[in-house]
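As structure tokens, the structure follows; a few thoughts come after it.
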Amino acid sequence: MKLEKLRQEVCDANLQLKESGLVLFTWGNVSGYDKNEKLVVIKPSGISYDELTPDLLTIVNLEGEIVEGELNPSTDTPTHLELYKSFPGIGGISHTHSTNATIWSQSCLEIPCYGTTHADFFYGAVPVTRQLTAEEVENDYEKNTGKVIAERFKEIKPLEVPAVLVANHGPFTWGINAAKSVENSIVLEEVAGMALWTKKLMEIDKSIPDYLLDKHYLRKHGSGAYYGQK
Amino acid sequence: MKLEKLRQEVCDANLQLKESGLVLFTWGNVSGYDKNEKLVVIKPSGISYDELTPDLLTIVNLEGEIVEGELNPSTDTPTHLELYKSFPGIGGISHTHSTNATIWSQSCLEIPCYGTTHADFFYGAVPVTRQLTAEEVENDYEKNTGKVIAERFKEIKPLEVPAVLVANHGPFTWGINAAKSVENSIVLEEVAGMALWTKKLMEIDKSIPDYLLDKHYLRKHGSGAYYGQK
Amino acid sequence: MKLEKLRQEVCDANLQLKESGLVLFTWGNVSGYDKNEKLVVIKPSGISYDELTPDLLTIVNLEGEIVEGELNPSTDTPTHLELYKSFPGIGGISHTHSTNATIWSQSCLEIPCYGTTHADFFYGAVPVTRQLTAEEVENDYEKNTGKVIAERFKEIKPLEVPAVLVANHGPFTWGINAAKSVENSIVLEEVAGMALWTKKLMEIDKSIPDYLLDKHYLRKHGSGAYYGQK
Amino acid sequence: MKLEKLRQEVCDANLQLKESGLVLFTWGNVSGYDKNEKLVVIKPSGISYDELTPDLLTIVNLEGEIVEGELNPSTDTPTHLELYKSFPGIGGISHTHSTNATIWSQSCLEIPCYGTTHADFFYGAVPVTRQLTAEEVENDYEKNTGKVIAERFKEIKPLEVPAVLVANHGPFTWGINAAKSVENSIVLEEVAGMALWTKKLMEIDKSIPDYLLDKHYLRKHGSGAYYGQK
């Protein structure tokens, strides 16, 4: 069986997503990417988390062809593939309909950087995509979802803002591996929840000063980071 | 004992409703329908979920007469019967006072289709009934509750929008069997919660485009569905 | 030891209040009343629920004198005593700082009867007291809390609306016994939570029609009730 | 090994903070202070709560030099040190990004004393600091965070209002020891949550009368307190 280590990582990440409480029924999926083989390991569509094991995962290539596995991959697979093709350096992607992040997505509003909790993980607002056109929805909907995400990140570095809100739909997050993408889903949900009430309390969109955003993001990320153990 | 398989299914569905966290005390009930026998298996009134077993369920005919069982059926039985008579093809009904769905019911507002989470399960807004008149409340209240639901669905297909909000009261959901009706109660509660904040964020009722509603509903339902395993 | 059965009931009710999630730390208390002996069994002040046993409860008479027990009774005991003296027929009282009911109390707003969930338990709005005067707070504060509650119920039957919001403070509930008072605390918290969003959705205070309130309250209470088993 | 008893207390307090549900991942830290030795025991940076044991904690002096321990202390250590230097009598400090308290911090709004739940623990509004300047953020950020907190308390007694909201960031709480600082974090989170809806319901900032604040705070604190057992 191919990519046994990645299969295990992606299976673990899917189960962690479920345990985090972000997923009702089967409404979520995590994939992982092997950049050498150019292959994606992803959750099969509509399978319960209770019965998920590493060998049930589906492996597809970047064209979406099944390379190994007897089950259909997640319906959202074409979205994952577009992101792996567009965002060099990412190794895992998560998709959920988690409550708070979905509220912002449905409202077609980006999540402003209201505080340092946000700044610790996302270097600026979490962007929302434009709405897809009727034609983009009717043909290759899931692939076009990936394309509008990539379009939105033309001037944003994906690993500095590892999350997006798809308009009318819900969030995708990513990271250097599957586990990191799940962590970012959990953080996004918490940050999205805080932002709801923050917006109502302030009644105006007032983000934190840029110098504070820089400080918080950069004390955790990059060459000058000093959070945690060396 | 009659309908042993249906008794087991309806008992399981009642217990799942309780485990889902949607029900305080005994504030909920699930029934199942055998279309050949034209009989309804339903939770008895005021019985704790802890002591519920398949043989305690009550069986009534479509006129509401007890066919088997020593306990009174749920007070809401006449509502269930009206729905089975009016909505061909449904095989199970759930009623709860789940927090978010009840908030919309109390507010006498339908839940707009704000996003794809909603569109995956409900093909358009979840409708609210008109308020019952004083006379409808005073005589045959529970039966009239069923009638105003049926009245509201004259131009909606019940299996495409398997949920309703009874004005001032709370939600009923249904499906092809008892388990599906419980699933729809759980989804309705989640969608109703997301819609509260979505409405506040947007401050205007802006549903998703029709072409996106069609795409999401139809990729999960009907002859062209491609979600899940074949 | 006096009133062993009532001690057990009141201990169980205090523990149920804790398990219901309505109480942080020791922020709640339940008492029970023996109308023949005219004695009140109540939780001792500041004792953790983990170590609560029936024999640790304090027994006081209606003048607030300790009749049995080595621990101080709850600081709120004088409030309980005023209610037992003013409301004939009640046999148990609960006090909490449960989140949603406290929000309404702090806001000095009654909870309108927005729906049938409310109507099933409370026959009209859950009233809020007037604010206490500076003098009422400085002298005999807890006793005066009971007096302003009783004042508010001059034209309301306590067993038809078994709950009150003390302005700036929090809820008290009661019932025919200690267990019923806890049930009413749990229902009040749920109803209070639903009412927050209902108020925001409607933006006006619009209660349900009287005929619907009557129907729901009276199908569960009084001589014509038909909910549950005979 | 130094300060074994304090190590145990601080370890226990860190674990209690985690169990309280206030902390996602490693987003929180508790320290304790030995006033005789003038030493601070604090959680190491970025270490999971699952693996935290008393011997892994770091001991620093008031200049921030590591006196004992192989792991970097929490990134927030300079903030803790400023508070121990500025607030005589405190023996423990907690920092979290708990949801509701962070919402108020992000909104740069103090939490008004809306009710007696608040008054039982905080003698007046929970203050918010001014925003740090760009220069204060760029150099000695964590130390300056402590300084703006101390600045805000020039006319407030820290043990009467044992909590602060750092603008754009989140809460710090303290107490006579580490366990008390955790208790204050839990209470602050509950009070902050109640205050969100209270503010929306009232739409004006209306605190409780001073005489009621005095009564509630003083019946639990100071020489005239009469809550709990003697």
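Letters A, B, C and D name the chains as they come in the text, with residue numbers starting at 1 for each one.
One rule holds for everything that comes next: a residue touches a chain if its C-beta (ideal position, glycine included) is under 8 Å from a C-beta of that chain, and two chains touch if they have at least 3 such contacts.
Every value quoted in this text rests on a predicted model; they were computed, and no experiment measured them.
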Handout entry: Steps needed, at fewest, to go from subunit B to subunit D via touching chains
Key = 2
Exercise for the section: Check the residue numbers that subunit B and subunit C use where they touch, and answer same if over half are used by both copies, otherwise different. Expected result: different
Exercise for the section: Give the label of the chain whose average Cα location is farthest from that of subunit A. Expected result: C
Fill in the blank from the handout: Here the gap between subunit A and subunit C, centre to centre from mean Cα coordinates and rounded to Å, is 47
Exercise for the section: Round to the nearest whole Å and give the separation of the Cα centres of subunit C and subunit D. Expected result: 33
Exercise for the section: At least two other chains touched by the same residue of subunit B: list those residues. Expected result: 200
Practice task
Could you list each pair of chains that touch one another?
Solution key: A-B, A-D, B-C, C-D
Completion exercise
Counting only contacts in the complex, subunit D reaches subunit C at residues 114-117, 183, 186-187, 190, 193-194, 197-198, 200-202, 208-209, 211-212, 215, 219, 226-230
Fill in the blank from the handout: In their shared complex, subunit D is touched by residues of subunit C numbered 24-25, 27, 44-47, 71-72, 75, 97, 99-100, 102-109, 131-132, 134, 137-138, 141, 168-170, 196, 199-200
